[in-house]
Amino acid sequence: MSNKILSVKAKISIRFSDVDSLGIVWHGNYVKFFEDGREAFGKKYGLTNLDFIKVRLIPPVVKLNCDFKKPLMYGDSATIETKYIDSEAAKLIFSYTIFNDSTNEIVATGETTQVFLTIKRVLILTIPPFFENWKKKRGIIK
Amino acid sequence: MSNKILSVKAKISIRFSDVDSLGIVWHGNYVKFFEDGREAFGKKYGLTNLDFIKVRLIPPVVKLNCDFKKPLMYGDSATIETKYIDSEAAKLIFSYTIFNDSTNEIVATGETTQVFLTIKRVLILTIPPFFENWKKKRGIIK
Amino acid sequence: MSNKILSVKAKISIRFSDVDSLGIVWHGNYVKFFEDGREAFGKKYGLTNLDFIKVRLIPPVVKLNCDFKKPLMYGDSATIETKYIDSEAAKLIFSYTIFNDSTNEIVATGETTQVFLTIKRVLILTIPPFFENWKKKRGIIK
Amino acid sequence: MSNKILSVKAKISIRFSDVDSLGIVWHGNYVKFFEDGREAFGKKYGLTNLDFIKVRLIPPVVKLNCDFKKPLMYGDSATIETKYIDSEAAKLIFSYTIFNDSTNEIVATGETTQVFLTIKRVLILTIPPFFENWKKKRGIIK
């Protein structure tokens, strides 16, 4: 496994409708922020959902966890940092850290794991060529 | 056009996360309630999204309007009445009335219009046979 | 009424999760895009939800309509133009036009109407001083 | 700690709009299903968000995890079982199991942890009286 760190920071836009009646961003909306993070990562490094779909791979999320440390409020500005976590299994793992831009405090951390299915929804047990090539191109494996 | 009235009432479940920071159901969530109403109508009368998809028709919503008259709050119980509005065009129109179960007041009314596309997303200009048969079966046309 | 046009354009970010099983942005999500548009307008012209809340006004949406003309897909880039529509009543009206950035086609248009409530949720029938001052400042009224 | 098991089963309604472009329920929507489960539990056992808010406690979710084992599709019928997990700390923990009603297979499992804040958002470090009484009433503690 490589020591190479691939990560990307992206602004999160907090909508009025993201906030619940307690006045804080509803916790379920962080899953969308993680998706924003993954998307920003994918755009920077060539690994979006669309890139997978083009090579006929479906990359469903099979595991999700999130720790909520501080609330975000309407009007807050926040940033998500998305980091690629390499795995020797046929998995795509990202970790996330969300920062409040004003205080620079960590408001949440999380992780998602994706696997790869064929178009017919059969689980792929070995790293698909597209993803292996991506790892090589990015210097993660040789 | 027939005088026959096809309508169905369905309970709406208001989630904690449906409520915004003003303490009322966020207005955009009513679009989901309309979908619930359409779905309940479809189940009763054999006209769900799945029924269309089975005959290779895509029924996108092309027009939506909503009037919000009273707020709904977390903990409120509400009912949506969905009424079929017949049209001679190749359109599927529903009107909606949402009631607060406690006060019996109308909280919102709305209407949606759907059209029919082929799988290749070409607009169908005449009433598709599946829908025409449905109208006959339901006594809307002869 | 003034001829002054106040409008703002803002990029819309289309999430993977905004797209439904027909492969297009689910129609209900346009309500969020309208909110994005309103928010961008508010930031440019000093009229966000937060600005209202600060002066103890609640500005609920009481009317919404939307016409969906073309689908948006995952990966599409779009822009919303939000235009202030002046009214002599105690109402805040915006019209929206959403463009597909690649084709420059209009994908949707819509309009929302907001009214003003006191903190105790009583409808305000005359234009509140905060909003009247805003209109003067922006050259809409004298 | 007690061996008493408090749990409740509730039907999940899968909306057309819950499904993503891969044709499966978007993973982030399971957070709503967990909320449905918690709500059903709360209604059965007197421990809803509203019950907390009435005694001026805010119960934010601070930890969430979810394992997605099988996809849910539009048209599927599913059930969530929500189980109370007792903790000696000032925490409210639930575990969730979602079943596909047709196949009876487990489609997802998850867990949430909530803490208690005062109205002024100060973390409460000891079990609040309301919650302790609830535990006694339910035979979890003596």
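As written, the chains take the letters A, B, C and D, and residue 1 is the first residue of each chain.
Throughout what follows, a residue touches a chain if its C-beta (ideal position, glycine included) is under 8 Å from a C-beta of that chain, and two chains touch if they have at least 3 such contacts.
Small disclaimer: the values here were computed from a predicted structure and weren't measured.
Peer 1: Of the pairs C-D and A-C, which shows more C-beta pairs in contact?
Peer 2: Answer by contact count: A-C.
Peer 1: Going through A-D, B-C or A-C one by one, find the pair whose contacts repeat those of B-D for over half of the pairs by residue number.
Peer 2: A-C
Peer 1: Report the inter-chain centroid distance for chain B and chain C in whole angstrom, where each centroid is the mean of the CA atoms.
Peer 2: Centres of chain B and chain C (C-alpha means) sit 24 Å apart.
Peer 1: Calculate how many whole Å lie between the centre of chain C and the centre of chain D, each centre taken as the average of the chain's C-alpha atoms.
Peer 2: Here the centre of chain D sits 35 Å away from the centre of chain C.
Peer 1: Once you find the CA centre of chain A and the CA centre of chain C, what distance in Å lies between them?
Peer 2: About 30 Å, centre to centre.
Peer 1: Out of chain D, which residues touch more than one other chain, so two or more?
Peer 2: 16-17, 28, 32, 35, 74
Peer 1: Going by the contact rule set out above, which residues of chain D touch chain A in the complex?
Peer 2: Those in contact with chain A are residues 22, 24, 27-28, 31-32, 35, 58, 60-69, 71, 121.
Peer 1: Could you pull out which chain A residues touch chain C in their complex?
Peer 2: Touch list, chain A to chain C: 13, 15-17, 32, 35-36, 39, 48-50, 74-75.
Peer 1: Along chain D, where are the residues that touch chain C in the complex?
Peer 2: 16-17, 19-21, 23, 26, 28, 74
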